[in-house]
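Please find the structures below.
You will see two complexes here that share subunit A, one where it goes with subunit B and one where it goes with subunit C.
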Partner chain A sequence: MSWNLILTILSSAFSASIPVLLAGMGGLFTHHANVFNISLEGMLLVSAFTAVAGTMSTGSWVMGLVYGMLGSVFVSLLFAFFVLKIQMGEFITGIAINTLATGGTTYFMRQMFNVKGTLTSPDIVSIPKWDIPILRDIPVLSDILNGQPWLFYFAFLVVIPLVYIVLYKTRFGLRLRATGFEAKAADAVGIKSHSYRLIAILICGVLCGLGGSYLSIGYMRMFSENMSSGRGWIAIAIILLTKGQPLKIMMLALVFGFCEGLGMSLQGYEIPVQFTYMLPYVATIIALFLDSRKKKSVGNKKA
Partner chain B sequence: MTKKATTIALGILTAIGMGMLLLVWQGYDPLDSYAAVFRYSMGSSFAIGVTLERTAIVAMVALAATTTFSSGASNLGMFGQILTGEIIATAIGVYLPLPGWLLIPAMLIGSALGGACMALIAGLLRKYFNMNEFITTLMFNFILDYFTEYLVNTSMRDPLMSWPMSKVIAPQGVMPRFFGFLDGSVFFALAILVISYILWKNTRFGYEMRMNGKNPIFANYGGCDAQGNFLKAMALSGAYNGLAGCLLIIGSGQQNRFVPGMGENYANEGLMIAIVANNNVIGVVLYSFLFSMLNAGATGMQLETSVPLEFITMLIGLTVMSVVSIREYSTTFINNAKAMAENRKFKKREVK
Partner chain C sequence: MKKLVSILALLLALSLVFSGCGNSTQDPADTSDADKTGEEPLRVAFVTWEAQGDNGFCDSCVSGVKRIAEEFGCEYTILEAGGDTSKYTQIVDTCFQWQPDVVFASCNGFEEQLCKYADQNPDIKIINIDTILDNSNKTISSVQFVQEEGSFMAGVVAALVTEGGLEYSNEEKIVGAVGGNDIPVIRSFIYGYEQGVAYINPEIKVETVYCGDFMDPVLGKQAANQLYAKGCDIIYQIAGVTGDGCLEAAGENQKYAIGVNSNQNGNVPGYVVTSMVKDCGGAIYDIFTKIMDGSYKAGEHYRYYYGEGGTYIAIDEYTESILTPEMLETVREVEEKLINGEIEVELYPDFWVD
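Showing the complex of A and B:
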C-alpha cells in the first residue's frame, strides 16, 4: 500500500462517515425521548432524492439542501402523526415508512426524470467544497481534511458540539431525557412529554435531511435507487451501542466511514469488490460482539 | 368480527382512494389503471396462475414474519434468508444430477435448512453474546447480498451470459404445472399454510410461541423454555424464508436461475403483510393474494396506461398504513370513549 492510498482512504473515511454521523445525531434525540425510530433509513433516502430534485429544478445547492431537509421533515411528520396521534406501533410505522420511501423515491424518479436505477445529470449542483487557507499548508491534514463540502466542516464543528450542548447543558435536553426516562413522571411535574417527543422526531428529521442531502449532493453527485443502502440501520445500531452519547456516536461513525472508505479505495486491488463493500456491515456485527464482551466482563467483576 | 371486517374494508378503500387521488394528480385515468391491474392479474387463466404463484411465494415470507412477530423474536433477515434459500436451491439444481422426484424435495429441504441456519446464527448470537438479533439479521441481509453476488460473479457464473447470473437449474428440477396454468408451488404453499395453521392453533408448541409473544414473563412463569422457544421461532421463520427462496428459483413461472438481488421486494412485502394481517394465518393468505394481484397487474398497467409500476409499491405501503392506522385508531378511540363514559359516571356519583 502506498502512502497516497492511505491518504485517500482516510479522506474518504471522513467523508463517508457524515451521513451515518448526521443520521446518528438525529436518531439520538428520538432515542433519548424513548421513541424507537427505525425510519432513519427512509428519511435519508427521501432527503437524498428531494435534494437532487431541488438542485435540478432550481439550479442551486442551497435550494437542494432546503428541499432535502423539507423532504425528511415531511417523513418525520408522517412518522410523528402515526406514532403520536394514531398510536400505531413505532416498529410497524418505521417499516411501512421505509417501504413507502423506497417505492416513492423510485416512482418519482421515474416520473419526474424518466430514468430507472441511477439518476446522474450535469444539472445536479453539488455543495461547494471549501479550501481552508490554514489547513492547506499542513501537509498530511490538508490531504485528508481539506477541500471537503462545507457541510462536512459544519457537521463536525457545529452539529456535534451543538447536539452535545443541547442534550446535556440546556433545560430542553434535561427535560427531553426526563421524558424518555419516565414519561409519566415527566408529565406529573408539568413537562409535556408529548410535545417533547414531537420535537425530538422533528429534530431527527432535520438532521437526517442534512445527512441525506450530503449523500446525494455532497459525497456523490447522483441519486440511485435505495442509495441509503443501510446507512440508517447502521446509525440505529450505533445509537443502541453507544446508548445515545454524541461523542461516542461520532467515533463509531468514523469507524464505519473508515470501513466504507476502505472498501471504496480498495476497488481494483486483488480483493473482490463484494467483500470490500461488505466491510461496514461486518464491522457493525463485530462492534455488537465487542460490546457484548465488554458488558460480560463488567458483570463478572461486580459478581 | 364485523368490526374487524369493517376496519379492514375501510382501510383498503382509503388506500385505493388515496391511490386514485395520486393518479389523478399525476394526470392518469385512475379507473382505467385499476381496470388494467385487474385484467392483467385475474383476466385469464394464465394471469391467475401468475398471481397465485406469486401469492404462494410471498405467503411464505409473510409466514416467516408472522412467526417472529407473534413469538416476540425480531428476525428482519427476510432478504438474507431468501437469498440463502435461492443460492442453495440453485446450487443443488445445477450441480446435483438427481431425478425430478428427488431433486425438487432435495432443493426444498436444502433451502429450508439453509434459511433456518442463517436465522439460527443470529439467534445463537443473541443467546450467547446478547447481540440484538434485529440488527444482526439486518446486517446479514447486506452481507449475504454481496456474498451471493460474489458467488455468481465467480464460481457459479454462467459464462454464456453477459450479466453475472447462475446457470439454469436442471429441467427436471422445475416445478410441474397443473391444469396448464397452476404451478406446483401453489399446492406446496397451501400445504405449508395448513400445517402452519394447525401448528399455531392446535399444538403446545404454537401455544407456547403465542404466549411468549403476548407476555414473555407470564410464559416464563408458566414454565415455557423462553430461550429454547426463541431459537425455535428464529429457525422456523428462517426455514419459511428459505422455502420462499427455493420457490423463487424452481417455480415454473420464474427464471430458474439465480440473479443477484432477486427477492428483495418479496422480503419487504412479506414483512408488511405480516403487519397488516396482524399475525393471523388466514389474514396472511388474503393479503398475500391482494398484494400479489396488485403486483402481477403492475406490468399490465404500465403497458396500458403508462403508469410506472413503482406506483404499486406505493399503493401497498399506503394500504398497510391505512389499514393498520384505522385498526389502531379505532381501538384507541373506543378505549377513550369508554374512559370518558366511566369518568362521567364517576363524576355524577361524586355530585350525589
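Showing the complex of A and C:
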C-alpha cells in the first residue's frame, strides 16, 4: 500500500465521517433526554436537500447552511410536536419522519429541479475550504487535515468540545441528564423536563442540519436521492453503543470512516468484497468490545 | 381526541410520502391521438419498473417509443412503477387491459406476471429490454446490449489518456474502474474495459474498486479519491448515482473520468472524457422496424453490438476539447475495426450464460 493511498484513506476517514459525527453529537442530546430519536436519518437527508436548494436559489453557501439548518430544525419541530405535544410513540414518529424525508426530498427534487437521481449544478456553491498556514507546513498532517471545508474544523474544534462541556460541565447538561434519568424526579425538584426534552430535540436538529449540509455542500457538491444512505442509522447505533459519550462517539465515527476507506483499498489484495464491505461494522464492534473490556478490568481492581 | 388528531396527522404525512413516489402510473390521456378512422393504428406499450426523468435507461427507452409513435403513427402508453414494487401488478394489468399490439418491458421483479400474460396472449409481441426473459410458449423476445464492446472502447480511450501525456495525466500507467457492486453485469463492463486497455498497451494496470452501493455518491467519491491516489489518471465509473461522486472527484482532483449509460460528458466539463452510452431507444426503434417489415421473430434473443442502437462511446465537443486529434483518430480507427469485426471482444462468461 503506497504512502499516498494511506494518506488519502486517513483524510477521507476524517472528512467523510463528519456527517455521522455531527448527527451523533446531535443525537446524544436526545439520548440523554431519554427521547428515542430515530429520525436522525431524516434530518440529515432533509437538511442535505434544503442546503442545496438554498445555495442554488441564493447563490451563497452561507444561506445554504442556514437553509440546511432550518430544514433540519423544521423536521425536529415536527418530531417534537408529535412526540411531546400529542404524545405519539417516538419510534412510530421517527419512522414516519424518515419515510417522509425520503419521499419528500425525492418529490421536491423532481418538482423543483426536474431531475431524478442526482442533482448537480454549477449554481451549487460549496462551503469554502480552509488552507491553514501552520498546518500547511506540517508534512503528514497537512495532507490529512489541511484544505477541508471550514465546517470540518468547526466540528472538531468547536462542536465536540462544546457538546462535551455543555453535557458534563454546565447546569443545563446536568439537568438534561437528570431529566433523561428520571423525569418524574426531575419534575419534582422543579426541573421542567418537558422543555429540556424540547431543547434537546432542537439541538439535535441544529447539529444534524450542520451534518446534512456538510454532506451535500461540504464534502460533495450535489444532492442525490436518499443521499444520507444510512449515516443517520450508523450515528444512532454509535450513540447507543457508547451510551451517548461524545468523545467515544467521535472515536467510533472515525474508526468507522477509516475502515470504510480501508475496506475499499483492501479489494486490491484479492480479499472478497463481501468481507471488505463488512469491515467497518466489524471493526466498530471490536473497538467497542476492547473499550468495554478495559473498563471492566478497571472496575475489577476497584472491587 | 388527541389520538384522532395524531392518527389524522400521520395519515396526512404518509399521503405526502405516497404523492412523492407516485408518478403517472396509468395515464390513458398520454396516448397520442392517432387517426382512428380506417386502419387501426398499432398500439405500443412500454412498461417499466423505473420512472421517467433518470436521464438514462428509462428516458432513452421512452424516447425510442415516442419516435416509433411519431414515425409510424402508433398509439402509445407508458406505464411506470417508479421503483415501487407494490405497483408492479397494477401496471402490468393496466398494460394488458389497454390491449396493446406490442409491449416493450423493462422488468425488475414482474417477470413472472409478464410471462403469464404472454402465455395467455400469444399474438401480442412482447419484447423485454436488457435482460433475457423466456416464457413457456417462447413468445417473448429479449434485447441485450453487449456492454463489453462499449466498455472496450472506454478502455481504449482510458489507455490513450494514461499513455498520452495530456494536461492532467501522470507518469504511472494505471487506469481505474469503480463498480457499483460486485455482480456479473458490472463485471462484464469491466471485462470489456480491461480488454480495451490491453488492446492499446497490455502493460497498463487496471485497478478496480466496488462500492457495494449504487445510490451513495459519497462512497463513489471516496473510491475515486483512492484510485487517483494509487496513480490512476482516468476512472471508468459503472456505479449509477454512486458514480456521480466519481465524476465529481475527477473535477476536484483534476483527473479524468468516463461516464456510463447516458452521455455524462457535460456533467463535469473538461474532466469527463467520454461516456459509454447504452442506446435503448435506438434498440427499441430497431426492433419495431423489424416488426413492421416482418423480420421480427418471437422468442428470439436479440443482441445489440457496438454502435447506435447498441452501446457506444459518446464523442462530442467535450471529448474533442480534451483529447488530441491524433488520439481521436486512433479511437475512430479502433471503432471501425470493432464494427467491421477485425477486433473481437470476448464476452464475460458468467454473465452471458445462454
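Going forward, the second predicted complex is superposed on the first by the 259 of 303 C-alpha atoms of A that agree within 3 Å, B and C clash if a C-alpha of one lies under 4 Å from a C-alpha of the other, contacts with A are read in each partner's own complex, and residues count from 1 in each chain.
Quick note on the criterion: a contact is a pair of C-beta atoms (placed from the backbone, for glycine too) under 8 Å apart; a residue touches a chain by one contact, two chains touch by 3 or more.
Keep in mind the model is a prediction, meaning the values are calculated, not measured.
Of the two partner chains placed around the shared chain by superposition, subunit B and subunit C are both touched by A:Thr99.
When the two structures are aligned on the shared chain, A:Asn37 is found in touch with neither subunit B nor subunit C. Contacts of A:Ser17 after superposition on the shared chain: neither subunit B nor subunit C is touched.
When the two structures are aligned on the shared chain, A:Ile86 is found in touch with subunit B and with subunit C. In the superposition on chain A, contact of A:Thr118 is made with subunit C only, not with subunit B. Of the two partner chains, neither subunit B nor subunit C is touched by A:Ser72.
By the touch criterion defined above, A:Tyr277 reaches both subunit B and subunit C.
By the document's definition of touching, of the two partners only subunit C reaches A:Met222; subunit B does not.
In the superposed pair of complexes, A:Thr50 makes contact with neither subunit B nor subunit C. In the three-chain superposition model, subunit A touches both subunit B and subunit C at residues 82, 86-88, 92, 96, 99-100, 102-104, 106-107, 110, 229, 277.
Residues of subunit B that touch subunit A in their complex: 26, 74, 125, 129-132, 135-136, 138-143, 146-147, 149-150, 153-154, 268, 271-272, 275, 308, 310-314, 316-318, 320-321, 324-325, 328-329, 332.
Here subunit C touches subunit A in the complex through residues 2, 5-6, 9-10, 13-14, 16-21, 51-56, 182, 207-213, 215-219, 221-223, 225-226, 228-231, 240-241, 244-245, 248, 267, going by the rule given at the top.
Within the complex, the subunit A residues that touch subunit C are 2, 4-5, 7-9, 11-12, 16, 82, 86-88, 92, 96-97, 99-100, 102-104, 106-107, 110, 114-118, 120, 215, 219-222, 224-227, 229, 260-261, 264-265, 267-268, 273, 277.
On subunit A, the positions that touch subunit B within their shared complex are 82, 86-89, 91-93, 95-96, 99-100, 102-104, 106-107, 110-111, 229-230, 233, 236-237, 240, 272, 274-275, 277-278, 281-282, 284-285, 288-289, 292-293, 295-296.
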